[in-house]
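In structure tokens below, several structures.
You will see subunit A twice below: alongside subunit B first, and alongside subunit C after that.
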Partner chain A sequence: MTDVDGEEVRLTMPATPQLLRVARLTAAGLAGRLGFSVDEIEDVKIAVDELCFALVGSKGRPGSLTLTYRLGNHALIIDGEGVFTSVVGESPAPSELSAQILAAVVDEHEFTRDGNTMRFRLVKRRLVA
Partner chain B sequence: MTLDRSDKEALMRTFEAFASNRDPALRDQLIEAHLGLAEYLARRFANRGEPLDDLVQVASLGLVKAVERFDPERGLEFTTFATPTIVGELKRHFRDKGWAVRVPRRVQELHLRVTRVIDDLATEFGRSPTVQEIAHRAGTTEDEVVEAIDAGSAYRSASLDAGRSDDDESPGLLGQLGEVDPELARAERRAALGPLISGLPEREQVMLYLRFYEGMTQSEIAKRLGISQMHVSRLLSRSLQQLRELAETPD
Partner chain C sequence: MEAGRPPAAGPGFDVEVTEERAQVLVAVFGELDLVSAPVLDRHLAGAVSRGRPKVVVDVSGVTFLDVRGINSIVAAHTAAADVGSTLVVRGAGDQVHRLVEICGLDGHLHLES
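On to the complex of A and B.
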């Protein structure tokens, strides 16, 4: 495997759930590049889905979503940032169930909100045999 | 399909006769007279990943239904009446086959091949294979493997009640999950995963429980339930999507 440590990929897209497939596919592609197993890749995809969905909601939000994928030593780190002109309704943090799902699929995850800006980070490490 | 006036009148008389005596010979005659319509409609669904012969069969089945249900008294042209029935049958065929109609055949085939390779390698290695390993075995590129894995999300055979797409004779996931269920007390599951999941079919709850509470990997669940890892992936992502939608709907 080529040395991928330190590579960084950034995606910016409108905050609509229809584009989350792109976020997922990118994550899967990069995880594959890191030598993750299929199960680990599925885990990353689930986590990206959960966290991105918490950011954009089921109907999308006015604003943009930026994802930064960092390839580390046997690890994939994904930072998400949603900058919105307005966020209507309840705080869209992941539910308790969602947190449980995330805990089962990735090594680290966090979700923060600062006014109309929301961020998440997830870290998935490859199991090194 | 062009029929001249006298043909049309002859057919209409045959329909009227069939409507009163339900003679199978007349029925066959009517079906034969309209096979061209079935084929014409089947062709409109060609190039979507299903062999034309199969589509013509499906369309013909729709035609048989249309002939049996057609009521000449209502003054409709038969073709006007039959077209939606035949198209409905074709659409249902695609739906039951699982593929959303738009997935290109190349990706479908790749998806099926990669699915098989993943399960083979998982058995061989006793662990989940990497993209590199899959690409090597399947004789394709790593990018194509990633694409094929993701194509699972376009696959709609997610209903647990439906038969498995790769084997129409199988009893469907419901039957297969039956053996696992007794081990998993409902109350325990609910306590673990919260009240939201009670909105999901019980069998999907089992899968969520195995994955997120028991910590089984998708490959392990696949092995335990005797289905492919890709299928587990599809079902899980569908359940999670439903959960998110449920969580968003204030009730």
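On to the complex of A and C.
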């Protein structure tokens, strides 16, 4: 699968919960392109869903969400950035349960906040026999 | 037997509720996530309120499940127990089993194959 090395896909969308499905579908398609197993693809979908939810919350936020998917050597790296005009309501960070799930389904994940801008990164590596 | 198909909940998600003498069957189809979980919440609350001894949530048609979806089912499980009913999750595939296990709910929810 070295022919996909370095490929990058970028999505920018309103930070609304209704569009998280697009983030999951894109992740699944690219994970499939990397030769991930069905279970690994499900893991990526769950992870990107959890981290995007941490960004946009249950009601969405005023601003945009940009996702950059990078295909590496047997790995999918997803960087998310939410740039909002204001952040009210739920605290924009993964819950304890989300963190527990993320630890179980991906190899690396992080979430950072700088004012009204929030970022995450997840890394999922393909199991190579 | 009464059967009802409520209005579609949106793209990629649907719920069918079938009421029988001893149970209410709630069949869930599509992606159970942040957007669709509130719809399922309403259906499950309605199913529990029928007062049948058993509420069966058939998830064999679920193509994606996240924590918000699991929370819906757990809340209904608790509500059912509060009124002396039992909520059973039927048709859980590997993905559902895995998420339930990660969330530490494998000893809490009643899972039927």
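In this text, the second predicted complex is superposed on the first by the 124 of 129 C-alpha atoms of A that agree within 3 Å, B and C clash if a C-alpha of one lies under 4 Å from a C-alpha of the other, contacts with A are read in each partner's own complex, and residues count from 1 in each chain.
To be clear about the criterion, a residue touches a chain if its C-beta (ideal position, glycine included) is under 8 Å from a C-beta of that chain, and two chains touch if they have at least 3 such contacts.
All figures in this text were calculated on a predicted structure; none of them were measured in a lab.
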item: Combined model on subunit A: subunit C and subunit B, fit or clash; value: clash
item: Residue contacts on subunit A - larger count, subunit B or subunit C; value: B
item: First, second, both or neither for A:Gly35, with subunit B first and subunit C second; value: first
item: Partner chain(s) touched by A:Arg21 [first = subunit B, second = subunit C, both, neither]; value: both
item: Partner chain in contact with A:Ile101 - subunit B first, subunit C second, else both or neither; value: both
item: Touched partner set for A:Ile46, first subunit B, second subunit C, both or neither; value: both
item: First (subunit B), second (subunit C), both or neither touched by A:Ser58; value: both
item: Steric overlap of subunit B with subunit C in the superposed model, located at which of 27-35, 45-53, 135-143 or 153-161; value: 153-161
item: On subunit A, the residue positions that both subunit B and subunit C contact, one per complex; value: 21, 24, 39, 42, 45-46, 49-50, 53, 58, 95, 97-98, 100-101, 104-105
item: Subunit B-facing residues of subunit A, complex; value: 1, 21, 24-25, 28-29, 32-33, 35-42, 45-46, 49-50, 53, 57-58, 95-98, 100-101, 104-105, 129
item: Residues on subunit A engaged by subunit C in the complex (per definition of touch); value: 17-18, 20-21, 24, 39, 42, 45-46, 49-50, 53, 58, 95, 97-98, 100-101, 104-105
item: Complex contacts: residues of subunit C adjacent to subunit A; value: 12, 31, 33-35, 64, 66-68, 94-95, 98-99, 102-103
item: Subunit B to subunit A touching residues, read off their complex; value: 118, 122, 127-132, 134, 142-143, 145-147, 149-150, 153, 193-194, 196-197, 211-213, 215, 217-219, 229, 233, 236-237, 240-241, 243-245, 247-248
